[in-house]
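These are the structures in question, set out in turn.
Two complexes follow with chain A in common, the first pairing it with chain B and the second with chain C.
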Partner chain A sequence: MTTHYLVLSALLFAIGAVGVLVRRNAIVVFMCVELMLNACNLAFVTFARQHGNLDGQLIAFFVMVVAAAEVVVGLAIIVTIFRTRRSASVDDANLLKY
Partner chain B sequence: MGETITFWVLAVVSVSAALGLVFSRKAVYCALMLGVVMLSLAVLYAVQDAPFLAAVQIIVYTGAVMMLFLFVLMMVGVDSSDSLVETIRGQRFWAMIAGIGFAVLLALAVGQAAIGDPAGVTGANQRAGGNVPALAELIFTRHVFAFEVASALLITAALGAMVLAHRERTRPRPTQKDLAKARFVSGYPGPLPGPGTYARNNAIDMPARLPDGSVSELSVNRVIARHDVEDGRLPDDPELAEAIRQAAAEEEEHNASIAGPKEDR
Partner chain C sequence: MNGAIEAPTIEYGQLMPMLLVFGAAVVGVLIEALAPRYLRKAIHVPVTLLSLAGAFALIILQAVRDGVPEQASAMGAIAVDGPALFIWGVILVLAFISMLLINDDDQFVAQAAAVPGSPEEEDAVAQGGAHTEVYPLALFAIGGMLLFSSANDLLIMFVALEVMSLPLYLLCGLARRRRLLSQEASVKYFLLGAFSSGFFLYGMALVYGFAGTVDLGGISSALASVGGQDSLLYIGVALLGVGLFFKIGAAPFQAWKPDVYQGAPTPITALMASGTLVAAFGAVLRVFWVALGNLDWDWRPVMWAVAILTMVVGAILAITQTDIKRMLAYSSIAHAGFLLIGVIATGDAEQNSGSLSGILFYLLTYGITTVGAFAVVTMVRDAGGEAGHLSRWAGLGKRSPLLAGIFAFFLLAFAGIPLTSGFFGKYAVFAPAVSGGALGLVVVGVISSAVAAFFYVRVIVLMFFSEPAADGPTVALPSVGTAAVVTIAAAATVVLGVFPQPVLDLADQAASALFIR
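Moving on to the complex of A and B:
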């Protein structure tokens, strides 16, 4: 059963990665990053069960904490960019390029 | 047996929801799909003897994080769907190839490993008297430093979000006197017309008719009018359609005056 869970986690991670590469709306890109973090959490929980110790679950818990903090700051940045540029597309935020 | 059935059902649901997240064009659908993935992952945690994580997943992710996403989506504009023009040629194609290759690589790596039967965390749970006490014991003894650092991180993130979202007032706050003056200068001092006696419908995006039967474009919300024009949802009545178009044009003008001249690219 462990293999099944790990393959599911890998699939979700790959789908999230494709989303980050393909999508242009910054918020959707962010959601795809969240999907990748969730996939990692699934792998952590699966390994915790495989090895019979709770460290994996603990790390998944800390990943959730960090992800929550990351979402707060990231969305604040997106809102700030949207205020000045009137756009949430990652292609429009190119000021650092020049 | 029960676990196998749960796993296969939730695996199909979560993978198709993840694909929906990547491929649906409207951002709100993406958020809903992400919610489905998170809920099914919560059930998978519960199945794998992690009831605390399942609860935290639902409370933190589907509760807090998804709500934050939806709030920001509503602020930024629900209609901000992706453009389909590629800025880098062949980006989509190569991203797909890379994604499929990555998935196959990971799946093969997992499949190659010889993984025995899972040990199960029931033993570890029972030693401390349940999943939550066991996790608490770990957090407050061996990982207490990481726990403290996490609290510092959360405070920093909250402060950072406040600093980023804060906006200095560039002009003084208008007093009641200023507002009253502005209203009389605008040439329409009274309240905006409601649906009116001659309204033929009570839809919020339909302009009202004034007592003389003429159409009032003042009564329709400019933002809603812009959405109507962009989505091509105009009424058959040419008078009403013209009023909506006029309100939408005003909204465009208003937006342009806020955003300032945008450079050509």
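Moving on to the complex of A and C:
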């Protein structure tokens, strides 16, 4: 039964999405985004099993590589703003508005 | 199934423009690693500009000599069809002139790792120079734009989306002045961009679950053959749409645009506002026309709502802005709404190619005028950098009539006044939309154009009919690159506004065969 895996993947995705919206620390927000990407991977692999082709598994590899590249860029940006402001809270960065 | 793996065929000739740009980006990374610091810029500039010009020449060569291929290249992963070639050409022209702006000294941070206001930063500024990593990063972003607009399957589209976005996230944080704003823009763009690509990816997973393939043509044929999985498909399409609408800045996913446009270094804003928008519309068209063309009855009502919301939000919120870059950002949101009208106006093949040709022409005219407008913004300076606040622009027409005149002309082009390129751009999108039955949308479009004209004219009135402030901003003597950008953009806006026919014909020709599958 592959349905359970899909439900799990949807749950992980939802937890990630809610986390992005409610958490305040940029690092935690970013971790939640990574959780969303991993939920996608689980869905891809499950669907690959369901359809009996390998496309989904292959896509999961691509997603991992992209996620790794995103970590590099993301942490660089977050560390820079942390060094400037001594805070990684997304609420503190509020110069740009309206 | 005999176990042997066949090597894929890749049409290197067709992909050459893109490969050239990516190759130049890799060379740029090597230059960063090997060349001494004082030589780097002198090597980067010719490599970057020549690769972009060379890629453009290759596109023309391919369009003239080989014509448009019958089927997608690289095992169906990338479609180098008529619209793709046109969009590639537009992206490369816009990237080239944005690159002339990026060349300008004095825009990028001397040492990004140094904390603003620290002694290290003062040292770095005193040593002179700026980060030259900007060139390879911009080239990677441009290569990603080319790939994004021509991707023929969702996986390539996702990878291209990230190749395009990741360098832009970094570039946004590299402004030389007002570094806190720049860093904040970078964080916001990054977090929201990563969030939206998560949605795109989950949508892609669900569509893959529905169709068993991520190939756009395969999804289209699965629409007819697969039954009983509709909820999977609809949720998947909605999530894909969220990711794509974020990239074009359509409401309700437009919130990042003003912040990022304001905070980013202005040359990078010019590149984003023109190139990214063009590439993202290429991707939107492919997903909604090629893969989901037979589902148009289902996505059209949602797209109507998004287009109306985008135009209204863009036009109305722009009125309340006090910063010139934020105002241009909201104007870009409104323009994304106008372009969505063209995406909605589908029908038979003739109708589709009419709409497509309008969109292609609009993208070109809007992109060039945008780069020109941001080039002017870089030239109006205060002690602390660019004079962003609108009140500082009061009386600019008296200090520098030529520059203010050119900027006024760009604003009129955004508003779509006749004899500017913007008029024919809007006409080219709205006319097919009327015949395609989207009259209601066109009415909303014309009304929001009128609202938008109000705030463009307000800036013009401010520039020409107010007294200049005593300590007003100075108009910097432009570098050769910046002067060239303003001249090219102004010339293109005039020429496309007076003799649009050759380019309209070209767009018609590119759009006539529609997308290949």
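Please note the rule applied: the second predicted complex is superposed on the first by the 97 of 98 C-alpha atoms of A that agree within 3 Å, B and C clash if a C-alpha of one lies under 4 Å from a C-alpha of the other, contacts with A are read in each partner's own complex, and residues count from 1 in each chain.
Criterion: a residue touches a chain if its C-beta (ideal position, glycine included) is under 8 Å from a C-beta of that chain, and two chains touch if they have at least 3 such contacts.
As the structure is a prediction and not an experimental result, all values here were calculated from the model.
Look at A:I77: by the touch rule set out above, it reaches both chain B and chain C. In the superposition on chain A, contact is made by A:V66 with both chain B and chain C.
In the superposed pair of complexes, A:A17 makes contact with chain B and with chain C alike. Contact with both chain B and chain C is seen for A:H51 once the two complexes are overlaid on the shared chain. Touch criterion met: A:S89 reaches chain B, while chain C stays clear of it.
Applying the stated touch rule to the two superposed structures, the overlap between the chain B and chain C interfaces on chain A comprises residues 6, 13, 16-17, 30, 46, 50-51, 53, 55, 58, 62, 66, 69-70, 73, 76-78, 80, 83, 85. Taken together, the chain C residues at the contact with chain A in this complex read 112-113, 115-116, 155, 158-159, 162, 166, 169-170, 173, 179-181, 183-188, 190-191, 194-195, 198-199, 201-202, 204-206, 208-209, 212-214, 258-259, 262-263, 320-321. In the complex of the two chains, the chain B residues touching chain A come out as 3-4, 7, 11, 14-15, 18-19, 21-22, 27, 30-31, 34, 37-38, 41, 44-45, 48-50, 52-53, 56-57, 60-61, 64-65, 68-69, 72-73, 75-77, 80-83, 87, 91-92, 95-96, 98-100, 102-103, 106-107, 110-111, 113, 115, 118-121, 123-125, 131, 134-135, 138-139, 143, 146, 150, 153-154, 156-158, 160-161, 164-165, 167, 255, 258-259, 262. For chain A in complex with chain C, the touching residues are 6, 9, 13, 16-17, 20, 26, 29-30, 33, 36-37, 39-40, 43-44, 46-47, 50-51, 53, 55-56, 58-59, 62-63, 66, 69-70, 73-74, 76-78, 80-81, 83-85, 90, 93-98.
Touching chain B in their complex are the following residues of chain A: 1-8, 10-19, 21-25, 27-28, 30-32, 34-35, 38, 41-42, 45-46, 48-55, 57-58, 60-62, 64-73, 75-80, 82-83, 85-89, 91.
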